[in-house]
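Working notes, beginning with the structure itself.
As written, the chain order gives the labels A, B, C and D, with residue 1 at the start of each chain.
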Amino acid sequence: MKPVCLVIGAGAGIGGTVGKRFAREGYHAALCRRSDQDGLNKLVADIKAEGGDASGRLLNAVEADSIENYVRAIESDVGPIEVVVYNLGAQIGNRSLQDTSYKAFEMGWRIGTFGLFRVASAVCPLMEERGKGTVLVTSSTAAVRGNAGQHSHAAAMGGRRMLCQSLNAQFASKGIHVAHILVDGAVDAPDTLGKMLGAEKFRELRETRGMENDGLMLPGKMADTYYHIAQQHRSVWTHELDMRSFTDLAWWNH
Amino acid sequence: MKPVCLVIGAGAGIGGTVGKRFAREGYHAALCRRSDQDGLNKLVADIKAEGGDASGRLLNAVEADSIENYVRAIESDVGPIEVVVYNLGAQIGNRSLQDTSYKAFEMGWRIGTFGLFRVASAVCPLMEERGKGTVLVTSSTAAVRGNAGQHSHAAAMGGRRMLCQSLNAQFASKGIHVAHILVDGAVDAPDTLGKMLGAEKFRELRETRGMENDGLMLPGKMADTYYHIAQQHRSVWTHELDMRSFTDLAWWNH
Amino acid sequence: MKPVCLVIGAGAGIGGTVGKRFAREGYHAALCRRSDQDGLNKLVADIKAEGGDASGRLLNAVEADSIENYVRAIESDVGPIEVVVYNLGAQIGNRSLQDTSYKAFEMGWRIGTFGLFRVASAVCPLMEERGKGTVLVTSSTAAVRGNAGQHSHAAAMGGRRMLCQSLNAQFASKGIHVAHILVDGAVDAPDTLGKMLGAEKFRELRETRGMENDGLMLPGKMADTYYHIAQQHRSVWTHELDMRSFTDLAWWNH
Amino acid sequence: MKPVCLVIGAGAGIGGTVGKRFAREGYHAALCRRSDQDGLNKLVADIKAEGGDASGRLLNAVEADSIENYVRAIESDVGPIEVVVYNLGAQIGNRSLQDTSYKAFEMGWRIGTFGLFRVASAVCPLMEERGKGTVLVTSSTAAVRGNAGQHSHAAAMGGRRMLCQSLNAQFASKGIHVAHILVDGAVDAPDTLGKMLGAEKFRELRETRGMENDGLMLPGKMADTYYHIAQQHRSVWTHELDMRSFTDLAWWNH
């Protein structure tokens, strides 16, 4: 029975690509996302076409029991979850305080912070029993600095980072490795950046900054580091790291 | 008409004492807390006995519209809110992940993060119109590092800090000063630490560490710094500061 | 006998102004700076004209024994040093790595880091014996983030901050309060900013950003906070704080 | 001609092991250390025995021109330096301020900060011309927090970290990747930890915490991450990461 890599937020960017990478390394990739059954099917089919093992489910992570039921189903039907990739973003673009509704602020927290708490609550006790497990958490610059227009996003991500530290503090010695991966730049991801910018602008951005210039972060290359972190020997675990393109200044410089 | 200092979380520790201090300096202290009408009455009476101006209301900050209605009432009945002291704690003691219910985790966020967002949403537009205002936010070590058993508290406080930075980024240039005050130690506060420890243990702690040894943070002395920060000239605003007793190592040392 | 406030780096900006402020509060201001005997004389005369007590000495802080001898002289001839304001800057403007000579890099360290170590070595044991003392350290954004062209300055200031934390860790419980004051903006200081920009540009900057716009940090207002920090009760010491004009974004936002 | 990986501080712990790893991947390992010609010879011989390519030199990094001459010699005799591993430690054990001589404090800076500046000054312009290069900097907890007894070490490491950020800010866009690797725990390294503790205590520590318990960081496993970081695609560079054993709490928790 293959170990399972559960990806929460498996779109065509980081999530799906990291899932593919783990499948290539012998994991069953259990993929979920909120919408786009076709996209999900294609991802699963691509993995299988490479000889890998995968399955998927559409689920709304903010709905009660959605994540919890999926975890239960995987554990009973597929195999033990060895790796979780928590990859849900909560970026809603820049909005002033006045334009940030209570609902939007709460939604940021539900996706950005509470969802991670829920999946950790479901998975960590199982991992603790098995004496090992890895939780890779995609995070963002907003986890370490607030910014105008980022009221909801920054509050959610700040919570996410502190939760990662708390999980490590309780679980590292039990063999569970939680890594907070600060993605400090624009990712070449059609499902997130692409949708935020619109097709035209995204194409333009890819042509000017991406491609050979490597000014957009390439998900396939990010997956190399995600996989490396998951494979670190337990005597040398990384809890926090950042990533950005060589063309970008670090967040502390702009 | 006196300017108003609104204190959210006005118990016998930091909140009430800071309220008293602002009243002494010519502010009307508008005090609210969740329970203990007698304690609230006493606080108001004490301020009036000193010749100050104060009023109070019991309110449950997590209830819809509670904070918002109070802000509205003050603005129409008492005067313009010039200073907000957001002083609600979300510490629930050390609990493992398994012992932290979804409800407890959400409550942490509602008190620790969302309440500040709500009061800022209600007050900042008014302050912006008036071209000035101050928001003093009591925060804690959990805002900058997670810890075992602090899943709920750290996530809430991490969100609080990032929200403070976002508020400053949007509003500082409009004349609104938001200060994140990291309280890195035990406060000599009967309503919070006292209740958490129980009367007996609290008395003992005060006798061994507090009093002349000054190993507990004295609310009256904290109020000096709260007041100073609120009076800083706008050319020299402090956004973040920490406070601890001389007997304590800083959080980064333990 | 008055307690002494020793200011290392007492020009017409932060240093001299803070010295004046402490003199006004009853301290003897012992002022030193590298050059400009006239400027120093004027500062001392101004303080005396206000009824305060002051003395001064030109000294080159990077020279062996310069600081140490001055400390000894003060302690034997004037009185016990109760407060040290370490206010030497090490900013040399933006220089690429290739344009930063070994000598410039070392000079940054001698002024930025080693000088503080030397004065602490001379003063802290005396303060420890007396059971109290305060060291106020002017620092800068470069203490918390490096930047292009800041190789020398950032390395020096990063060392300065870590040294402050180490001093607090050893000496806080002995009654010595070390405060790291991160000055995150341009100061309205003719002796530093003024000289860096030249008279013409400095005048222009003052007229556009300073004066009524308060976009330059006013040394007199900074001195209020320096003095407040030095007066904090030992149960509520601040170790680190930042300061900037309301017109500026915090360093983490640009 | 093989690309060169220059290791400054190539003892039997991190440095030598990382050198071996790069040799295994096709680099010429150019190894230097202060003393122990036999140890250095053995390291070179071990690499050659594996079919790798290596050379070595004893040099005292604090001596003028030592590093610079070695860089020149490698570039002219061996090949282009593609990777630098700066691995000199400046830990001198816990010493109070009074027990830290000026000389010890300066030595900390010479090894901890200035040496990195010197090697960067020698190598970065060459890398910039070639459009690529990697500088891996071993760092320590003292780079992010001071501590009692760490006056020299923390000041040196704080400077080291800020210098890394400055180098990235200037050189990342030129294709040079600088990574600050925060080693937050005890390393299973006979030449450093072993010498600090003495043979007996070190053996004991290895037996209780190391070996199967993995409570000491294993250099061979660290080398995996050093190598991974050096191979990251330029669209996804990590500037800062931490590493520790699963048995250790993160520095922010103790």
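Simple rule for what comes next: a residue touches a chain if its C-beta (ideal position, glycine included) is under 8 Å from a C-beta of that chain, and two chains touch if they have at least 3 such contacts.
Worth saying up front: this structure is predicted, and the values here are computed from it rather than measured.
Student: Call it same or different for chain A and chain D: same when shared residue numbers make up over half of all numbers used at their interface.
Tutor: Same: when the shared numbers are divided by all numbers used, the fraction is over half.
Student: Based on mean C-alpha positions, I'd like to know which chain lies farthest from chain B.
Tutor: D
Student: Averaging only over C-alpha atoms, locate the centres of chain B and chain D and give their separation in whole Å.
Tutor: Chain B and chain D have C-alpha centres separated by 45 Å.
Student: Roughly how far is chain B from chain C, going centre to centre by Cα mean, in whole Å?
Tutor: 31
Student: At least two other chains touched by the same residue of chain C: list those residues.
Tutor: 145, 147-148, 165, 168-169, 252-253, in rising order.
Student: Sort the chain contact graph into one of these: line, ring, star, complete or other.
Tutor: Looks like everything touches everything, fully connected.
Student: Given the complex with chain B, which residues does chain D contribute to the contact?
Tutor: So the residues of chain D touching chain B come out as 144-145, 147-148, 251-254.
Student: Spell out the part of chain C that touches chain B in their complex, as residue ranges.
Tutor: Those residues of chain C that touch chain B are 165, 168-169, 172-173, 175, 177, 188, 214-218, 221-222, 224-225, 228, 231-250, 252-253.
Student: Sort out for me which residues of chain A touch chain B in the complex.
Tutor: Going by the criterion above, the answer is residues 96-98, 100, 102, 105-106, 109, 113-114, 117-118, 120-121, 124-125, 142-143, 145-151, 154-171.
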